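Here chain A shows up in two complexes: once beside chain B, once beside chain C.
Now for the complex of A and B:
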């Protein structure tokens, strides 16, 4: 090191950017932050080198001399020392221009791949436009073939759009931070992949193990993510919810994975209402709404906010379970309406105001709906149920269900045994031993049953 | 006479049946027949085919026929292994016995949608129904419950007819409150189960280890530590020139006695 360098080095260190976190973004916002930070460092007095700065207390950028202090404080330094020094010094380099040769080479390959995909998309778009303008009679196979071809081309374009962005680390990061724009196919693709990896499997398992198929619908394969929130906390599918908690309608978080806005109907259905007269179970509608607009970027759907005249058909009824009855399965069903078709809510009100005996299957067929989303919770008798029933005027809090007695098919047999045999007057001399035995007989005769 | 010579003389003196070293083959066979020996090439006369006349029967098989009325718990079929499988409203017991789980009528059937070659036994609620039920049709269920009004316990009087309270609470500073109840002999005494609960309020540790496994693991480690320590001590002793022999720690009195004894011996 020359004399000149040795003199300038501490100064250069001071002037260096001091930054603990690396923003992934590029552009003007970064420059402004940089200026601000430099001003801050210039205004503050030069600290003695032994004093740890904010950067030295950060496990991402701690220097070797302050490592021990940090470890004592319970934080382990992250990564290698080389990396930590790099983190201190390269904060003002945009993510794209990080000075790693392999990284830049890889980026070049990915960029080339993306260019290729974009070129392909344009190619396909030209093809689509040509096919659209072509008369159906000129296409081999007529109108149906033309439609098939168009659909297939469009599907391919969608696939290419995903392929173009799927290798971009910034896109992935944005999705993982929850900042992805769900109107873009790549983010929807990521979201769907995440949903399918766990939540979808869970919900299909619940559908199977709780016999939603075939009890409620003959077929149900969800394609949208529906999550259930009671009192701001998420409820796992199939969990038993306290009647006090479910007294107020839940909020749904609905994520659809296909583009565009659509109208949906929402049904909350109790599939286990005990019907003691017929010794059977019936169904009851706890909530019914239609014409709810839904798109990939609007996910929150609070049931209490659905009050419009052309949306709400049957308001929320607190789910309760009578004492002794088996658990009630409360299913939340999301049914997609046909594109552009509205459901007549007045008719719904007239049809389903009674709530009891609601059939989701007939509702689906009557209004040509497609079930797209599902979630469920359960309700059992608990200490709050009686109060909830009283508040909402639901009858049946004063009765309980007990298991029906099953009587044996065998004919009754006469009492047997030494004492039973000696009850008659022939054994009068033994009566002091055979009568009035606790648990067997009393003064009026034989009491023990078979 | 010496032994081998005696044997030779005996052999000469009477014709031997067993000793075949000198006898010809024909004679050998004849001898075997006389002895009653049977070779494996001769077929046995059927004793192994006879079944034992007496034995405890297992009484396996169908205990209820098709369309027969059953109630929950009835045994429908006893078997070794799974010749039949439990279908609608049936369960299989520990020994593969099929039991009914509902009141209804027995049906023996096959369900290719469930399994291509299993035979099932089921119970239906209506005698006319056939199994299997159509695919994707709603399950047939029965509530099997009866409605009763909930009986609430009548509020118990605070004070007994004789004018003294049924229960009193003994409050002492620094101790948990004790609930004493009036007994039939007009004494106030705490419930036995409440007395048992008092142990937990003392904060005493009754068990050093939460599980038996933990205790055994602890014991194992402790022994390992001990052995390791002993070995180390032995090594140290060897290093310090102890020669591996240990001076036994003895009391002063015993040492004196030993010295006296040694002195006596020396004399």
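Now for the complex of A and C:
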């Protein structure tokens, strides 16, 4: 051992002992000191146990001395002790004031951008007002050009309104929680984006795969979200619904993505009613209502509540399918009326009271409506259908459809192949090879019935 | 003068004669191969090898508020980048437009003295010295062909 080491050894030993005691953080040091003090005091006299406060009983902010109590009660403390102490004092900091540097810098950038967008909106509004007050003869291109310009300016303003709010985390959070005010363009934008990402694709797929487009309407591109609820539970588009469930009218959840209130007509149409006499299928109207007010913030539309004289034209008829018939496609069609135009419900009642042979295309053309929303479900014969039909006086529960046998027009084909050629007595010496033909015979003899 | 060298039975010269492989020589050669001279791109290739076939990093897992903060920062970063790009783009197009206008002005001027219209423009468009003093672009150094030559460059060539 060198001289230097010999001198330093006792010093190092002392230091090492101190280091073993010294903890890493100041907070823990204080806690350790407290523990030491408590131990000292415990040796002298037993202190009275402190009363736990509400914060101590919360697993997010429990102090070490109350942990055991909480664990006994079945709640495990969350996170580290350090985090729990921090949570005691910082639980009430609002989200936008959370002291994270990058977050605050980002908020500053986004706020500046929002200011820019708002300034631009004001600029555009001034432009719109100036153009509106200008006489059409002074605008190059006349009245039509003035209208085009106004429309494009307004579209731009709408776009800017969305862009001003699209970077706000609180707006995003509020939309995700379902608390968004659908009268504001940003929430409608978010809702539409969400709808287009999945539900719209699903609906268009159903339209395609169930051949709604050539069978019921020549063209159908939904722009509103329509969801179907039977007995408080959502029904996926195209699902087969039990006839007992669909006996009562469903509730619709309709979300439109453009501003303002409008009147809509609602049609529930069965596109597969078997017509045995003509060997064909026809259509039947199961529900028809018109003049239903709809706006982005009023989404619930229970069909059973539509009873007003100027709204309900044809009441709900339970969708049923006869035994052996293929599934019935029941489509829910939402048609938007022209702004401010009302449909004469008395005329509807007179026209469509018979229900059978309802043509949606003719209805659309007659009252100049635009299809905006679509959803569908299916109905098949099940164990409850006979009861439902009896309850509602629908005839046909005792009828069973059977597929007509279609015989082939080709003549029967004689057996072919090497074995078939050598079945006769001329080939007696080959019979041990030719009498075992798959599907015709086996070792014990001829199996095919003739 | 005659020297008595031990004559071999074979007439093949000794340098061409087959040598018996000694057990020590074979692994020695292999080791020599292993420590082959590193190429100049050795480090780059090693980095590529390491990173190309490694699995993707795990997805970010965040709670609600943490995710919202992350989203805010991400949006701000994207906005910042876009603004930067737009500013650069604007500056470049401004500079390009300035050059274009200057050239247009040169093309319209009737040149100094007895020079005709567009003389200055033609002079300005000359590419002298762009490829070095008295240089020509390397593309003109050989005939333009569809496929590269068998020998890409004759390094031994002397005038």
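FYI, the second predicted complex is superposed on the first by the 317 of 450 C-alpha atoms of A that agree within 3 Å, B and C clash if a C-alpha of one lies under 4 Å from a C-alpha of the other, contacts with A are read in each partner's own complex, and residues count from 1 in each chain.
Just so it is clear, a residue touches a chain if its C-beta (ideal position, glycine included) is under 8 Å from a C-beta of that chain, and two chains touch if they have at least 3 such contacts.
What you see is a predicted model; the values in this text were computed from it and never measured.
With chain A as the common reference, the superposed partners chain B and chain C fit together side by side.
Once the two complexes are overlaid on the shared chain, A:179 sits clear of chain B and of chain C alike.
Looking at the shared chain after the overlay, A:100 reaches chain C, while chain B stays out of its contact range. Once the two complexes are laid over each other on the shared chain, residue contacts for A:76 go to neither chain B nor chain C. Of the two partner chains placed around the shared chain by superposition, chain C is the only one that A:167 touches, whereas chain B remains out of contact. In the superposition on chain A, contact is made by A:109 with chain C only, not with chain B. In the superposed model, A:325 lies in contact with chain B only, and not with chain C.
For chain A, the partner that touches more of its residues is B, with chain B and chain C as the two candidates.
When both complexes are overlaid on chain A, the residue A:274 reaches chain B alone and has no touch with chain C. Chain B and chain C never share a C-alpha pair closer than 24 Å once the two structures are laid over each other. On the side of chain A, the complex with chain C involves touching residues 95, 98, 100, 102-103, 105-107, 109-110, 113, 167, 169, 172-173.
Interface residues of chain A facing chain B in the complex, by the touch rule stated above, are 211, 213-215, 218-219, 274-276, 279-281, 323-325, 398-409. Looking at the complex, you find that chain C touches chain A at residues 64-65, 68-69, 71-73, 75-77, 79-80.
Partner chain A is touched in their complex by these residues of chain B: 69, 71-72, 74, 103, 135-139, 141-150.
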